[in-house]
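Two complexes come next, and they have one chain in common, subunit A, joined by subunit B in the first and subunit C in the second.
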Partner chain A sequence: MNHFFVVILFLMAANLYALTEAETSAIIKTVDDLQRNSGDYTSLCYIKDTEKGKEPRLNQALVYRRDTDNKFMILFTKPKEDAGKGYLKIDKNLWNYEPSTGKWDRKTERERIGGTNSRRGDFDESKLSEEFTAVYDGDEKLGDYDAYKFTLAGKNGVDVPYPVLKLWVDKASKNILKREEYSLSKKLMRTSFYPKWMKKFSPSKKSDVWIPEEIRIFDELEKGNTTIILIKEVDLNTLPENMFTKAWVESKSK
Partner chain B sequence: MGIFFTIGFRSLIKHKTHSLILGSAIISVTILLIIITNVTSGIQDTMMKGSTTLFSGHVNITGFFKTSTSSAAPVITDLARLRKLAREIVPEATFIVDRVNGFGKIISDQSSMQIPMMGIDVEEEAPILKDLSVAAGNISDLSKKNGLIIFEAQAKKLKVAVGDRVTVSMPTYRNMYNTMDVNVVAIVRDMGYLSNFSAFLNKDDIRELYQMKEDSSGRVMIFLPNYKTVAAVESRVRSGIEKAGFRLMDKDPQPFFMKFDKVAAEGWTGQKIDITNWEDEVSIMKWIITLFNVLTGMLTMILLTIVSLGLMNMLWITIKERTGEIGTMRAIGMQRRSLVILFIIEPFILSSLSTIIGIVIGLLISAGLNAMHIIIADSALRTFLMSDTLLLSTSFSQIIITFIAITTFTTVGAIIPAWRAGKLSPVIAMSTID
Partner chain C sequence: MIIIKMALRNLFSHKMKTLIVGTVLILGSFFAVVGVTFVFAISEGMKNSLTHSITGDLQIYSKLAKDKFSIFGDENGSYPDIDYVENFATIKNILEKEVSNIEAIVPMGGNFAMVNPGNILDKKLEELRQCFKEKIFDAAKILELKEHVHAIILDIEAQFFNNTASIVSVSAEDSAKVRADLDTARAESFWKDFDAKFERKIEFLSNKIAPLIFDDNVLYVSYMGTIPETFARSFSQFEIVKGTNIPPGHRGMVLTDRFYEEEVKHRVARRLDKIKRSLLEDHETIKGSKTLQDKITSNISQSAEVYNQLTPKRAEEIVVKLQAFLSSKESDIKKLLEDFLKVDDANFISRYDFFYSEIAPYIVLYKVKVGEVFPITTFSKYGTSHSLNIKVYGTYRFKSFERSPIATGFNLIDLMSFRDLFGLLTPERKKENSEMEAEMALEDVSISDMFKKSDSKKESEGASLSKLKSTVFTSGFKEDFASQGDKVFSNADLENGIFLNAAILLKNPAKMAATMRAIDSVSEKEKLNIQVIDWKNAAGIIGQLILFIRVLLFSFIGIVFGVSIFIIMNAFIMAMLERYKEIGTMRAIGAQKQFVLSMLFFEVLIQSVFFACLGILLSWLVIVIVGGRGIPAWNDIATFFFSGSRLYLFFDWWYAAGVLLLAVIVSAIAGLYPAYQATKIPPVSALGKTH
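Let's turn to the complex of A and B:
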């Protein structure tokens, strides 16, 4: 009988510490807000892609964003054979430019950026609270970090490549530590770790913006395939007005 | 005229050395041409068999559905009505089935591959699938859910055997990843190059992966008793479907996966039906047939020119040798015209007989090569011939064309020497007689 009361007390205590729906939404919104820049963004990215049984590939790319207008652009600069290739997102359409043919192709949110296991969303502004509904799963210890664990399900009518996410958010900083992405049938597809975050002052936001310095992505379907993204030289100053156009990408690809 | 043939035939026997040399040359050329044309026909037959087993009916009712102006899904809705219409428009059809188009990744423990997959109903498609040669497992096990049929080359790449579990990953039409774990229920023998682009899943599984409704599919496939009626049936289906109130896409003889960009760029939404035939679905491979036809044509011209020159040369020699004979014939009253005809009939008999012998030998060699089931080890050649074994197929019309081409070419080559023979003066011709 005593054990029964202990269990009841434990459950009550656990429930006491469980996050409410509103608190969960607030934390997810905080995760977004910490990363939200509300202005222009430039960074230099190194993307190392390793496929099982193959030599690793290293790409260098410049990422440009204008978050207020939902514009996004990646321009590959290295290696030589990939230099000039680019992605441009205008409104809801993601376009890929191939300089060897001079052709633009429309791509989906599932597009593997530069053939790696990274997606457009890995480089773009966080929109978790807009795209997903979160449920608090409990607290977990992730290494030295105390983390909230959430399950996020894609909202109706919103097109996201992975409709279910599991998220581990650092209790102290409210930054993401780990992210698992699941298919519609709930199969684990990718696991990403965010070991390093940097803080940068944003003139447009007039406060600090948190940016992941490193993202380690593990392919859970094809075990052994990994992608590491290093984000360097972040600049949050205003970019020229006419940059986010196909003509601009083409001019840089010559 | 019969007398000319008798004289011509006797003359050929009399000058048997010349006749044998030239006849052998014509026979060799004919054998070569027959084998080449049989290889071309073999490729064409393999292509049709592969196309109609793996991807397509003889005529297809397919199309695209666009939820927004920039999207394009190879899906047709109102399936029951379309199938009913197909049966009404083509009552002579042997089978009418529907398949769901899929494209995704098959992932095993060892490897993965991106491949088009077709959702099928094995019970309904039993007569079509009989052309698949099972290497391991049982095709009918695909009637249960969570099964997969792959080809030997794919099994080798994925390093899987029957009973192994693999994951199929496909994006839904809303661009979400979806996956399903399936078991390999059968491994079938490769059907040349085309089978690299095909695998089969249970129709319901693909519908589940794509989140499609029961009344949606990828294509209604119409199989005909005689594939030579494809063009007429296609036109009948086109007008019948249009009359039934469906919007039609303009004819574009390309496989559906080549039309995505074009359709996505068009401004319409909803459904448009596309009527295609088996050749459209493998049109990207038609260059092989074209290349073979061009090569055959070029080779034919070169060989026939050489043979004709040889024939002309032989006739020149013959005329020189037979000047006395010509003089005698002219002296006993043979007209110039008759002499020309005689000298044309001779090579005609020679080339006709040689071509017939060449065709018979060529056909026997082709049958022998087919019976030997020669396995093509070289992968590039396999790609080119679209088959894992050397397959030669005989086309009656091609035989007739070969016969007419060779006999005409060689006979025409005899006109100038014959005309020169006819011009010889009887006195001069007689004077050469010792």
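Let's turn to the complex of A and C:
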């Protein structure tokens, strides 16, 4: 009988520390808010893509964002053969530009950026609370960090590369530490780790913006394939008005 | 002599037994000869199709290949991962010098590309943008394009809500947004200042309106990189159908004619072509064919793909012509076209001719036309995407089996473009990779060490970024593209580079096995690191079909003659029982066991030779009459196995001799047991039993 009461007390205690739906949503919103810039954004990125047993391939790119208008652009700068290639997102359209052909192609959110295992969303501002509904799964420890664990399901009608996510969020900073992405059939597709974050003062937000400095992505379908995104430098100053157009991207290589 | 006479007498006196055994032997010999002739003809047909079109007699590829090589691709249809061989010229020079039986070596390498021309609105908006951007202010052209775009927009709402929205779920909120965007695009005010604000207007239409059109225009192009002139010279089945081959040293493509007509062509037009072929060549009727009726239904439901491609001015002209042709007063082109495409056996040919003379010239009849340059994108096995603008110089076919889908996948591309699209890490790229790796300065951490707390959080600096931003804003990457021109490559350029596999054509294909051994030995000696396989293995599962068909045939022959043994044996035992008294009497008057055995042996021999010859004679008649005219290929795939539209059979006396020998052996086996039993009949018991 005594054991029974101990179990009941333990369950009550556990329930006491469980996050409510509102608290869960608030944390996910905080995760977004910390990364939200509300203005223009430029970053210098490197992408290192390694397929098992093969030599790695590296790219350098500039990522431009105008978060207020939901505009986004990646312009590859290195290596030489990829320089001038780009992605331009306007509204729900993700366009890919090939300077060698002068051709624009409409792509989906599942597009592998530059043929790597990265997706457009890895470079864009966080919109978890807009795109997903979160459920608190419990607490977990990741290395030295105490983390909340959540399961997120994509909202109806929102085009996301993976419909189900599991997130580990640092309790102290509210930054993401780990992210697992699942297909509709609940198959694990990618696991991403966010070991480094940097902060930058945003003139438009008038406070600090947190930016994942390094994302290490592990392909769960093709074991041994990895992608590392390194955001080397960030500039949050205003960009020219006419930048997020096809004409601007084309003008860089013609 | 007496034994032979007695054997003959026995055959005539036991007519039922002779008839049964004879029928079995005639049928067995007939089917064996015809079957062997048919299977070997198919086998030769396939060999001819493959070795004279794509595989050559032998194929060589890297010893480091991860996958088993098959020129038709693996079970997923993709080109197998066979690594690559460093330098074609080196391999070619050494093999041609060391192996005397080599006639020619053709370098190859396969992959597939995507061509995404976009939907009709994407296409027209891009044309319009180019007109403004390149400052080709051809007012008439711009006006025509604007009118065309406007006409397409007017038609989108019905299409989107009737077709697209029924396939993908659209929320009420999104539906309202779509309607609002369409209202904006249709409004007069939108078009009033179009020229002044063309960039913004076109981007609005590209991003808000064009995605509403269901787009399934993506073309997947399997291609084979090679030196086009060497390919054409080496493979006797190669024949240009439209345009020309890729000129020597130029970049370009030649598509297979079947691919061009069945994949690249406007889908309404190609359905009409197929209906015509079924009616005229296969003598089908629309009334009697569900398949043809389905094609007509599809054409009617996709008539938008015709009228959306017509400019408003052309549409008006075609309305007038259609009204006259159909004797109709209908003025709506959609309804007129739907009515026009409702073809039947009586009106098909006249409507087909009208379509090609009055409508086809004004629509995009081919997604890519011969003579045009089109952009292709491929994904290398390293995961990277590569794109090129490539000119289509013409179409070709493999002469004897041009209708076979098996031959569709080998669209040819020049070797230089193939190498560019293959995406091999060049020394320059490797150097750039090392530089970028140094700039990244990544720490090599394990997952468990990733989350150790440290004071690494920092404000980022911006020296490299501002420098790069400034470069991009001022000059961009124009220098990188300045050097790319339409260069003509020398033979040395083409041969001094990688290839994935190569076809080897032999002077004397009969010495294939010896040549393979010689190539292996040269590869070993010169450390070429290549392996060689014959055409059957190179053709993968298709090559193995020959073996499968042969096994089937020989199994069939085995079963036929196996059953024959029992039937013949049974007939002989019955005959022996009937002749119990006779054999007993012969034994009683002094006939030895040897005599009885010989008599029965000759009986079997005469019988088997005679009836097997009759069966062979019958098969000869059938092969000469039917096989001489040729067995028609019943479908497009059969043309590949027949190496043409008909399979011609040739009577081979060696096959006949083999079957005759087999019939004798089968009869001898079947007669063995009854003969043995006959020799055991004791004279006394035989007489006793009778009396």
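General remarks:
Heads up, the rule we're going with is that the second predicted complex is superposed on the first by the 253 of 254 C-alpha atoms of A that agree within 3 Å, B and C clash if a C-alpha of one lies under 4 Å from a C-alpha of the other, contacts with A are read in each partner's own complex, and residues count from 1 in each chain.
To be clear about the criterion, a contact is a pair of C-beta atoms (placed from the backbone, for glycine too) under 8 Å apart; a residue touches a chain by one contact, two chains touch by 3 or more.
The shown structure was predicted, so the numbers you read here are calculated from the model rather than taken from an experiment.
On the superposed subunit A, the positions of subunit B and subunit C overlap enough to count as a clash. Applying the stated contact rule after C-alpha superposition, one finds that A:221 touches subunit B and leaves subunit C untouched. More subunit A residues lie in contact with C than with the other chain of the pair subunit B and subunit C.
By the touch criterion defined above, A:93 lies against subunit B and subunit C together after alignment on the C-alpha atoms of chain A. By the touch criterion stated above, A:144 is placed in contact with subunit C alone, subunit B being left untouched. When the shared chain is aligned, no partner comes close enough to touch A:155: not subunit B, not subunit C. Shared-chain residue A:84: touches subunit C; no touch with subunit B.
Contacts of A:252 after superposition on the shared chain: subunit C is touched, whereas subunit B is not. Applying the stated contact rule after C-alpha superposition, one finds that A:106 touches each of subunit B and subunit C.
Judged by the touch definition given at the top, the superposed model places A:115 against subunit C, while subunit B stays out of reach. Aligning on the C-alpha atoms of chain A brings subunit C into conflict with subunit B at a single listed stretch, 255-263, out of 255-263, 327-335 or 579-587. When both complexes are aligned on chain A by C-alpha atoms, subunit A residues 93, 105-106 touch subunit B in the first and subunit C in the second.
Looking at the complex, you find that subunit C touches subunit A at residues 116, 118, 122, 126, 129, 133, 169-171, 173-174, 199, 203, 206-208, 210-211, 215, 375-377, 379-380, 382-385, 387-389, 425, 428-430, 432-433, 436-437, 439-440, 442, 445, 447-453, 456-466, 468-469, 472-473, 476-478, 480-481, 484. Remark: subunit A residues 42-44, 46, 48-49, 51, 54-60, 62, 75, 77-81, 83-84, 90-93, 98-106, 112, 114-117, 142-145, 156-157, 177, 193, 195-201, 211, 213-214, 216, 228, 230-235, 240, 245-247, 251-254 touch subunit C in the complex. Contact residues of subunit A toward subunit B in the complex are 93, 105-106, 108-110, 154, 159-163, 183-185, 187, 189, 221-222. Interface residues of subunit B, counted against subunit A in their complex, comprise 70, 105, 107, 112, 167, 169, 171-172, 174-181, 211, 261, 264.
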